[in-house]
Every structure is written in C-alpha cells, then in structure tokens.
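As structure tokens, here come the structures.
Next come two complexes built around chain A: one with chain B, the other with chain C.
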Partner chain A sequence: MSALLRTIGVLLTSAVAVTACSSPDAAPGGTTASACAPAGDGPVTLTFTSWIPGIEQVVQAWNAKNPDIQVKVQTGPNGNGGTYQNFFNQLKAGNAPDLGQIEYDALPGFRVQDGLFDLAACDIVAQAKDQFVPWTWDQVSLGDPKAAYGVPQDTGPMALFYRADLFEKNGIAVPATWQEYAAAAEKVKAAGGYITNFSQSDVNQFAGLAWQAGGRWFGNDGQKWTVSLTDDKTTKVAQYWQDLIDRKLVSSVPPWTAEWDNAYNTDQAWTWVSAVWGANSIASGAPKTAGKWRVAPMPQWAAGETAAGNWGGSSTAVFKGSKHPYEAAKFALWLNTSEEALTLLNQKANLYPATKAGANLPALADGVAFYGDQKIYEIFAKASTQVPAGFTWGPAMTATYANASDGFKAAVSGKGTLVDALTGAQTFTVQTLKNQAIPVA
Partner chain B sequence: MTQVATTQPPQAEPAVPIERAGPARRGRHRYARAVTVFVAPFAVLFLLFYVVPIVYAVVQSLYVVQRTGTYGPAQEVFGGLAQYRLVFSDGPFWASVGRMLAFGAVQVPIMLGIALALALLLDSGLVTGRRFFRLAFFVPYAVPGVVAAIMWGFLYSPNLSPLKPITSTVDLLSADTVLWSIANVVTWVYVGYNMLIIYSALMAIPTELHEAARIDGAGRLWIAWSIKIPLVMPAIVLTTVFSIIGTLQLLAEPQVFRSFSSAVSSTYTPNLTVFSLSAIPNFNLAAAFSVVLALTTFVLSFAFLKSTQRRSNP
Partner chain C sequence: MTAAPATITPAEHRPRRQDGRISRLTAMLVMGVCTVYFLTPLWWLFVGATKSRDQFTDTHSLWFADFHLLDNVGELLAYRDGVFLRWTLNSVAYTAGAALLGTVLAAMCGYALAKYRFPGRELIFNVVLSGVLVPATALALPLFLIFSKVEATNTFWAVFLPSLVNPFGVYLARVYASAGVPDGLLEAARIDGSGEIRTFLTISARLMSPALVTIFLFHFVAVWNNFLLPLVMLSDERLFPVTLGLYSWNTQIAQVPELRGMVIVGSLISIAPLAVAFLLLQRFWRTGISTGAVK
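Up next is the complex of A and B:
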C-alpha cells in the first residue's frame, strides 16, 4: 500500500511539474520561422474541419485529382456553436487539424491565441491576393498588408428577402429605406403578421445592420485595441430596432429554432434582412412558401444611398503546427478560387464567392426556383460591391456576442433596451480583453 | 454502512489458511501484492481521469496571461490568486449559484418525494405489472439529457406545442417561469433513476420485519412510515447528495434552453459560466471558476452528510 501511495505521490508531483513547465517553454514562440515549402517526398494527408453543408463532395472532387495531397474532411457544428471551442482546445493540446473553416469575425480571436499560420509566407497565396474582392482580403490580413491569416472563402452580402405575394395582396410597397420598412411593419402587423423577428440570440445579424449604417466596433492601431460598440451609427440602429420592439412591430421568436422556421412557413413572418446564404435557410426552413419569396436590396438609411451590410462569410485558415502549410495553402486556394469548387459550394450551400471572378460564375447567372426564378445573385453581386470597407472584428468576439446576446434577450423581454445591452457588452468586452492582457484603450 | 465495514474484516480473516501461514509477514506480503493488483486498475484510472485533471485545473487557475502588442503571443506566468479575485468579484456567477440553490431547494425534495412515493408503491404489492412500471419509470433516464431538453422545449413552445391551451396562456419560457420549466425537465429525467436506488434498498429489507409489524396490527401506511422509510434513509441521503451535486453542475438543459428562451443567459448556471469562458478561450479563469464550483459543491454535499449523520447517531 505504501509503495502504491508513493507511486501516486511521484506521479502527482510530476504532473504538476509538467503542467507548470510546459506553458513558459511554449511561450517564446511567434518568432518561429514560418517557412512554406513543399514537403517533397511522398503523398501528404491533410485534415480539414468545416461545417459547410455538402463539403464532403467538394473535397472528394479535389481528392480525385490530387493523389499526392489527400484531404480528410471532418464536419462539426457551426463555429460559435462548438467548432471554435474545439479548435481552441485542439490548439492548446497541440493536435489541431491542418485546415479549418473560420469566419472573418473569429479570425482575430484565433490570431490573438497565436493559432494561425501566416499564409503570406506561401508565395502562391501572396500572388493570389489580387483575385479577391479587396475588403475580403482586409478581413484576413487583419491590418497587416503583408499578412494573410486565411484564404477568403465566401461573403455574406445582405439584402431584403420578402414575401412578394403578401406584400402585393395587402398593397404594401417594398421598402427602400428603413423609414419605409418601419411604416411597412405597421401595415404588416395590421394584416396579422410580423415584418420580421428581432434576432436577439444571434448578434451577427445586428452586426451586419450596424456595418451597413457605418458602425465600426473595433479598431487596432498596433499598440492598443479600441472598442466602440456604442458609436453613433450603431446606437442609431439599436434605437431604430428598439422602437420596433417597443411598438410590438417585430416578433421576439428566437432565430434558428423550429418556432422560427414555423413562423416563416405559416405566413407569420414576412421579411428577413439576411445574407446571401440565407436563401438556403428560408428554402429549407419554410418549404411551403416556395415561389412566393423575392429579394430586394437592403433598405437604406437615406433615400438614394447604396450601402449593404455583411453577415458572415468564412475563410479557410491553416493552423500553426501544421506540418504541410504549402500543401494546405494549395488546397485552400483551389477550394476558394477554382470555378469547379466555387460552383459546387454555391450549389450545395448557396455560398457566394469572395473572388472577383466569382461574381461571373455561370451558376450565379441562373434564376432560383424557390424565388420564383428570380436571378437573386444579381442583387447580391451588387450588394457585395457596396459593403463598406474598414470593418474590424475584435479579438474575443465569442465573449462580445455572448454578452450582447444576453442583453438583447433581456431587452426583448422588456428589461432594459438594446442600447443598454450594447453599453453592457462594451464594458464586458473591455474587461475580457484586460483579463487576457490584451492592450485596450 | 459503518456496521458493514466493521463486520467484514473478521469474516475475511479465517479464510487465510492458518496452518500453512508460516511467518505472519509472508502472508501480509502476499496480501499486499494482491491488494495492489486489485486496486491498481482503479487507481490508475482514478489518477489519470480524476486526480490529474483536477491538479491540472488547479495549476491552470494559478496562472495569468501576459502579452505585448495587440496580437502578441500569450505568455503564461504565475499569478497567484489573481483569477480567484475575479471569481469572487463576479456578480453574475454568484447570482447563478444562488439561482441553483433556489432550484435545488425546491426541485430536489419534489423529485425525491415522487421517487420515494413511486418506490413505496411498487414495493407495497398493490401494483400489478410491477416489472413494467419499474422499467417505465426508469425509461426517461435512458433519454440523453439534451434530447429530453429539446423535446420539452417543443412542448413548452408557444406556437408549436400540442399543449397550446396551456402554452398560449402561460409563457413557460419567460424569465419568471423558465427556471421551473427546467426543473420539470430535470425531475422528469431523474425521478426514475432515484426511484430505482430507493426501490432496491426497499427490496433489501427483510420480510420478517414487515410480517412482525403486520402481526402487531400495523397498516400499510404505518409500515411504510415507521419501518420502510427509516430503513431506506441511507439510500435517500445518497440520492440527495447526488442531486445536490447534479443541481450545481446543471449544464445541458439550460444550454439547450438558451436557444429558445430569452430568459436563459450565457451565465445562467455556474457551469454555463465556465463553458462560456472556455469558449473565449480564457482557460485560466475558467479553471478558477471550476475549482470554486467544485469546492462549493463539496462543502454543500459534505455539510448535508454531516447533518444527517448527526441526526441518526445522537
């Protein structure tokens, strides 16, 4: 027994010693040579984690043509739904996949945790820069024009999805401005529906609305971060939606639930201000309404303006620790620039490419049956060029979103306002950054 | 329990072949080796999956992060109790602990009361089809907690619920009611499990005791109250401790309810706070929260055990 106890004691102390030493040893990183050279001998197998519907078939197309670079794809829940948490844990444990899907808003968070390989070291990536819509490249270079922490994949230019049949039947004009949208909301309410729901538990949509209005939530001058969740433009957007909530013109059905699908499927919700990939969400969530939806440009803050918001959009990033960054970069470029892959991604998941040439993809010129054969991608192509540049994401968006969402939920239940929620999220975000020793002004 | 422990070793002693024992030391040596062999599998697993993670969490909780520049890589340095200072000044966390105590104070007695009643009913012989009911009560426990929460979420939802007359008059997902809606889910899942533990304790009561009581003229209720319940008290105490631990560690149900109730925030229960923090990721602070939560759970369970022991052995 005493021998056993002694063994346990030894094991325990060594466990403490190991955990205590390992962290400082790993810390002086960041200066490691980031070489991007081909492996040279023999075939390479890469691991890739993504949650795009149908990604397996896209990867199959690559594997069939590239026997020397085989990609093993793993699927998971969407980023904030669990995959990011897995990535962070895997990075900590040192067994992250070679490649991962990371939305633009989460890239700074992964870079702060020192989890991303700078793909600018791969000349094939550096040379591809000009193929991408400039603002998408800003989203992956994170303020350093010589860096690329991922290859842009798709974007989420926003527009107005609306029930053309119900609008016409009730003699309501399609709103072109937010003032008209609020006026239409009253008429829709009078006709027994809701113009839309307020997305209390998915703050990303609100971010897209604020982005369109000119809100800028974060800044990074190289010395310090600035957090401005309550800037004038964002406050204006928050007050606008608070007014709709107060007047009960928007529903409080939580997004991405069966209840929410049901509202769209049973004519209770008449519009959705959403991104291009949302075309897929309505079609799968509200099959009974096929043929009745149309797409119009996003309502504007002043008549005659042409600004669009952006909601979502992903990059394909290579994690630090990948032994084959060159091969990984090669695959990421094929996935996000080749006509073959972009067409598949559009067909499987309604993704809208981040490349300039992607706008002319033949698949995007077709009408979409669910939208009464309307050529909906023409609207999104235009919106894509109208997304204001210069929107920077913060280094801990998970925390920002979680806290803002708590506040939004309270506001929808009548406790406090959306502006209060943003003020709270501002304080919480600053505190979160300070707790992690991230310099913040 | 203590009685059993003290009576067993004398029973085991004679099993040693006294004639062949020779010097007493040799026998003990052989014993030690056997004990080691039998205990080793447990000890190794216990060490790997229990002790080491706890020690790791404690170590993590004592570190803080340092970095330079907006994207400087993190450097973990010893920070003493810095993370614990944040834990103890975190209002929402302690509010969530209070919320769980209120939850436990109401839900645990109700759940165990139902479990005890069902167990007594099955044991009374009044019920035909005992085997069927035993299984039927237990089935909800076989449903994974997340699935149960999703299912009840549908039943509670104002527009999709088949119980629309109820859900359209009372919002079961609002800030005032959602805690008790979750309590109902937890009760539904765990009643059968607790019933089974109490029921197996009831089965272990010697039938002579019932018979003697019946001959003395005791009715069924009297037997249940004066004989059965006191004898299964250890099982009730055990299920209570399990329930206290389970309550403070509530995660799956509120996490599922987060998506369809506006009243469940990202810090609604202590474990949700830990979960949200590790998603940032701020592992050091999350570790400190975990350690404090574990200690709180330990203190509460231990206090409960102590209080019941004092009552039974005055």
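Up next is the complex of A and C:
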C-alpha cells in the first residue's frame, strides 16, 4: 500500500513540478497589481512571517489596538536559513503569507520573480516616504524611484568598536582614517594582539566596507542588470585588506563561532568595524571585557570625509497575492514608523530603526554600561545619515555571497587574493543571472 | 568459527595465533578510533551543555568548568513560555505515531508481498525498491505543492502523513517474512480455520517481531531526524518538531547570542529519546539482524 501511495506521489509531484516551473509569470492569487484600497467590510486577518526574536509581543501590541486588522505572526529560521526558500515555494503554490520580513539584499531576488506587491500604489506608503532616512528608501525602491517593494525596517550603520583601555595603555591613537588604521594595526601586532578579525566567510561585512568607499556592486536601469563587483572603489578596499592579511596584521577565525567570541573575550582582537547591532554581539560574546569598549566613527578613506557603511537591515514586504494589501501596508507602516513598535523592536531584538525620527527614540538616548556609559547610539545615528545613497543589491545574492565567500576563505589561507575572489564572484554572478534568464548588460 | 582451533595442527598453531593477535589488535585499534571519533562530539555537547555562557567561550571545550547543567536546562524550558517543551512533544507525536503506524503498514505490506501470490506482485515490489532510492529530500518540495493543492500545508498532517511511508521497511518485512514465517505454519492455521488477518496478527507478526523492532527503530530515527519536510511544510512555530525549532534558534545566534547556549542544551536533550529507544530495543535489534543474516 505504501508503495502504491509513493508511486502515485512521485507521478503526481513530477506533474505539479513541471507545471509550476513552466509558468513563472502567472501571478499567484489572481489579484490585480496596482489596486491598493481598504477592504471596507468587516475585520481582516493578515499573516506575517518574520524571524525577529520577540516579534509576537510587538504584533500583540498592534492586535490589541486594531480589532479590524488582526495579524497572525509566524516565525521560523532566518531568511537564508530556509524562510526565503519557503517564500518562493509558497509564491509558487499560491499560499504565501500577506507580509514577510525580507532583508534588503534579498529583495531584488523576490522582485525578479515577480513576487512582491508594489506598495507605491498605496497612498499611505507614498506619503510616508519622507519619514525614512533617504538611502533606506533606495533599498526598497530597487532603482525605480516610483516603486516601493517593501517598507524599510531596520538598518545596520557601521562604526568602529575599539578597546579603549588597550589603545590607551599602548599609546595608540584611535584611527580616523584607514591609513591610520593600518598603522595602528602594526602597533597592535607589536603589542601582541590583532587589530581585528577579518571575516573570512561573511561577505556582508566586506560589502559594508565597499559601500562606505563608494563601491556600487549592482545596477538596474529597468531593462538590464549591471554587475560590478570589481569596480575601482571595491578593488581599493580589497587591496587594502589583502595587505593587512598578507602582513598578518589581522586574524581570520570563522565568524559567529565560539572561537570568534573568544578572540574578543581574551584581548586578541582589539577592534571591530561593525554595524549597530554588533554592540550586542560583543557584549554577549565577550562578557569579560565589559566597560573597556568604546565606539568611534568608521575610519575614512581621506581625512575629513564622513562616510559610513551599512551592514544588514531588512524590510517588511507585501507579497503578490495578498488579498488585503492596503491593510498590510498599514500594519507595515505602524511596525516600522510608530514609536511604540520601534521601541519594542529595539528592546526585543536590538533593531535599529530606518526612520529619521527613530534615531531619537528614548531607548537609544542612554549611555550603555558595557561601553563605559558612552552614548554609543549618537555615533550610529550620525552614521546612519552618512551612508552613501544609491547602493543596490543583486537579484541572486545567495549565489554571489557563496562564491565570494569561498574565494575569501581561500585568500585568507594564502591561496589567491581578495581581488581574485571578487573577480571570480563577478564572473559567477553574471553567469548565474544569465542562467536564470535575467538580462545582464 | 568457534570449532576451528580444534582441527588445526600444532605446527600451524603458533603463527596463526600471532596472526590472530595482530588482527585482533588492529581490529581493536580501528574500533577504538571509531569510538573516539563518534563519541567526541557527544562528549563536547555534554560538556558544553554544563557550562554557563561566559565560561563556554573561555574554558577548554572538552572539559568541565562550573557545573551549570540544571540551571541551563531550567533556562531553556522557561524560554519563550516553554516553547522547547512543546517542540519536544511535537517530535514525540510525529515520531512515535509515524513509527508505530508506519511499522504496521510496512509489516503488512511486506508480509503480503512475501506470502501471497497475485499478479503484479514483483512489479509492486520493484516499485517499492525504487522508492528506497529516492531521497526524502527530493520529495519535500513536490509534497509541499501537493499539500498546497488541498490546503493542508502548515498542519500536523502535512508532516505526519508523508512520514508514514517507509519503503525500506517494506523491503525488510518482506525478506523477514519469507525467511521467518514458514508456509507450513500458515497452511496449518488455515486448516484450523483461522482467518488471514487473525493469522497475521497472532502468528506471523509475532514471528516477525525482531524484524518489526528493526523497522521501528529505523523509522523512529528517520522521522525524529527529519528536518527538511517540516522546514518546507510548517510556518507555525507551534507545530515545529524539535529539530526545526533548534535550527531556527541556531540561525538567530548572530542576532540573539544567548541562544547559543540554549541550542547546545536543547540538542543534548533532543538526542536523549533516541538513545533511550536504542538502549531499550537494542537486544531485539541484534537478534533481528542475525536472523536475517543466517537465513
């Protein structure tokens, strides 16, 4: 009996898979694209998938006040851990949730699969545009100023975390430029440490560094994508870090491991150029160093400049096929602009808001004990406004990251260079896009 | 093999014995290396689970620091209103249910294929065999699309029903049934007026019991460790099995570093039922394997 079931299963499934693959353009759910009007009659229930820790409590606060728009929250692994793939499957099967959390670098992938509802059709979203820090809107408009494929949620403006005690003890000045940073690296090495740990497999940090320098990895003119992982600015950044790696001035333990925590906990790594959420990573990964860290603006490529990178951040998107895009947009705006929600998101999950007003949240005004009561969020608030506009992600970032990260790992262990890795990732990305029938210039 | 030493001559005796000693030594060495290889991660897991958060990073990973196991377990069970306990119970429900029912189905199916002659028997058996070759991972997405058609994704049944199917179990049951259940016995039962179902339940199933334990254990482990199917099917956290729940936590470590400790303690707890099932059923399983081998 089980054999029979299975045979039927195999036959059926191959049929379904074939039909599902052959019609990628069919809009699931059958709603027309541009309509965004209130449902009008009766209460509406929306589903929302997100992996933000504690998101249930934030949604509860909304549900308590909005009996007519009830949101059911679903959580699971993070985006690249399986939730994105589930979204794609659900879009194919026509049962995607109304709303989903999507990181900025994954949005273009959903856009090219025609999975996202363009929220610019909702007047409330268009009106809210000015509440957001301008560059965050680039992240959801994806190169088309009239579009909005999500509402910006959080950002990761970058700054320099450094061990104030060790720098002072060894008479090293806090570097304000990358040249000074490299010079400081030598002194740190002489004092028996590493200036930082170069993230050998998490390409996102490097993307933030390139972003600060003015690198532009992708472009989209509405017709075709351009891929430029090896533009001049990015190459400059890659060569800079390659030099530090070659001179063994940086360590390179795998990121997000106990080993990595240990490097920070035991005075082996003295700085970390990281995003605002990194504040919590250090505090919990290196508890023995409490009170010894401070935050300074990111080092600059030329003295006097004021550019910051961004590492991470996500948006709340509405999927095509949602029957209630207006209500979904309303919820997404509340979630990402109201002081109540932003405060909760910051408390529960350490999210740093994407709105201009968000930088002034009372929760972000206080000094942080782990950083010697320094008001570290003032630095990040400034950094947030200094992130260069116009950085676009590509439509197949998973593939790009995977390839680049292999190259980075090789470069760190002495085989090839970071520039080689980027050149390889460039070729691979262009090929991947072509294989997916995405037009590339 | 035990009879061999009695028949050999003294001249051959000495070198043989030395050979035996060397080969036994090699065997022990290989076994020892394997044991260390397999047990080290478990040891690491156990040691890691007993440590507090700050000691986890800065004490040696293969030896104890202060013993915090009970505190850690308490913290894990209390986290997010005890969602971990719920996941564990879900796993038990998916696994015990699917393994029991699946074993019964596989046993009946294999028994029927072994003991009854009907047209298409070999065809069906070959299809089952080919089912063994199709990896479960390859079926997850098609199953998702099918369940979507009947709007049954994100339900208990979406994970439970596909878990019932066990082609390898059918294969094992057929082999055991044709070897371990004599046709004459069935003939006698029929002459005594026993119905086919009664014969199966009271005579054949008992004769096949070592095989059933084997099938049950295999199935139990397979469903307990099943990860991709729940990942694809379920979006409601309250339905997650423990594997998927721990995995979700593990993907959030960069955001919520406290979860690292919980994932470690949770992993230790989540392998306990497997260990218990193996220890309890091990005896039956051993006889089961040898039964199949000799006959």
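What we mean here is this: the second predicted complex is superposed on the first by the 411 of 441 C-alpha atoms of A that agree within 3 Å, B and C clash if a C-alpha of one lies under 4 Å from a C-alpha of the other, contacts with A are read in each partner's own complex, and residues count from 1 in each chain.
In this section, a residue touches a chain if its C-beta (ideal position, glycine included) is under 8 Å from a C-beta of that chain, and two chains touch if they have at least 3 such contacts.
Quantities reported herein were computed from a predicted structural model and do not represent experimental measurements.
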Practice task
Mind working out whether A:435 is in touch with chain B, chain C, both or neither, as first, second, both or neither?
Solution key: first
Problem - chain B versus chain C as contact partner of A:114, first or second or both or neither - result: first
Exercise for the section: Return first, second, both or neither, reflecting whether A:124 touches chain B, chain C, both chains, or no partner chain. Expected result: neither
Problem - Partner chain in contact with A:369 - chain B first, chain C second, else both or neither - result: neither
Handout entry: First, second, both or neither for A:224, with chain B first and chain C second
Key = first
Practice task
Examine A:53 and indicate which partner it touches, taking first as chain B and second as chain C; both and neither are also allowed.
Solution key: second
Exercise for the section: With the two complexes superposed on chain A, say which partner A:256 touches: chain B (first), chain C (second), both, or neither. Expected result: both
Practice task
Classify the contacts of A:92 with the two partner chains as first (chain B alone), second (chain C alone), both, or neither.
Solution key: both
Exercise for the section: Determine, under the contact definition given at the top, whether A:399 touches first (chain B), second (chain C), both, or neither. Expected result: first
Practice task
Residue by residue on chain A, keep only those touching chain B in one complex and chain C in the other, then list them.
Solution key: 1, 3-4, 12, 16, 20, 80, 85, 89, 92, 256, 258, 262
Completion exercise
Residue set of chain B touching chain A in the complex reads 32, 35-36, 39-40, 43, 47, 51-52, 55-56, 59-60, 63-67, 69-77, 86, 154, 157-160, 174-175, 258-267, 276, 278-283, 285
Exercise for the section: Would you mind writing out the residues of chain A in touch with chain B in their complex? Expected result: 1, 3-4, 8, 11-12, 15-16, 19-20, 23-24, 27-30, 80, 84-85, 88-89, 92, 108-109, 111-114, 142, 200-201, 220-225, 252, 254, 256-259, 262-263, 395-396, 398-399, 402-403, 405-406, 409-410, 412-413, 415, 432, 435-439
Completion exercise
Listed in rising order, the residues of chain A that touch chain C in the complex are 1-7, 9-10, 12-14, 16-17, 20, 49, 51-53, 74-78, 80-82, 85-86, 89-90, 92-95, 97, 256, 258, 261-262, 265-266, 277, 280-281, 284-288, 349-350
Practice task
Within their complex, state which residues of chain C touch chain A.
Solution key: 53-54, 56-58, 61, 102, 105-106, 108-109, 124-125, 127-128, 131, 134, 139, 141-146, 148-149, 151, 153, 164-167, 170, 231-232, 234-237, 240, 244, 247-248, 250-258, 260
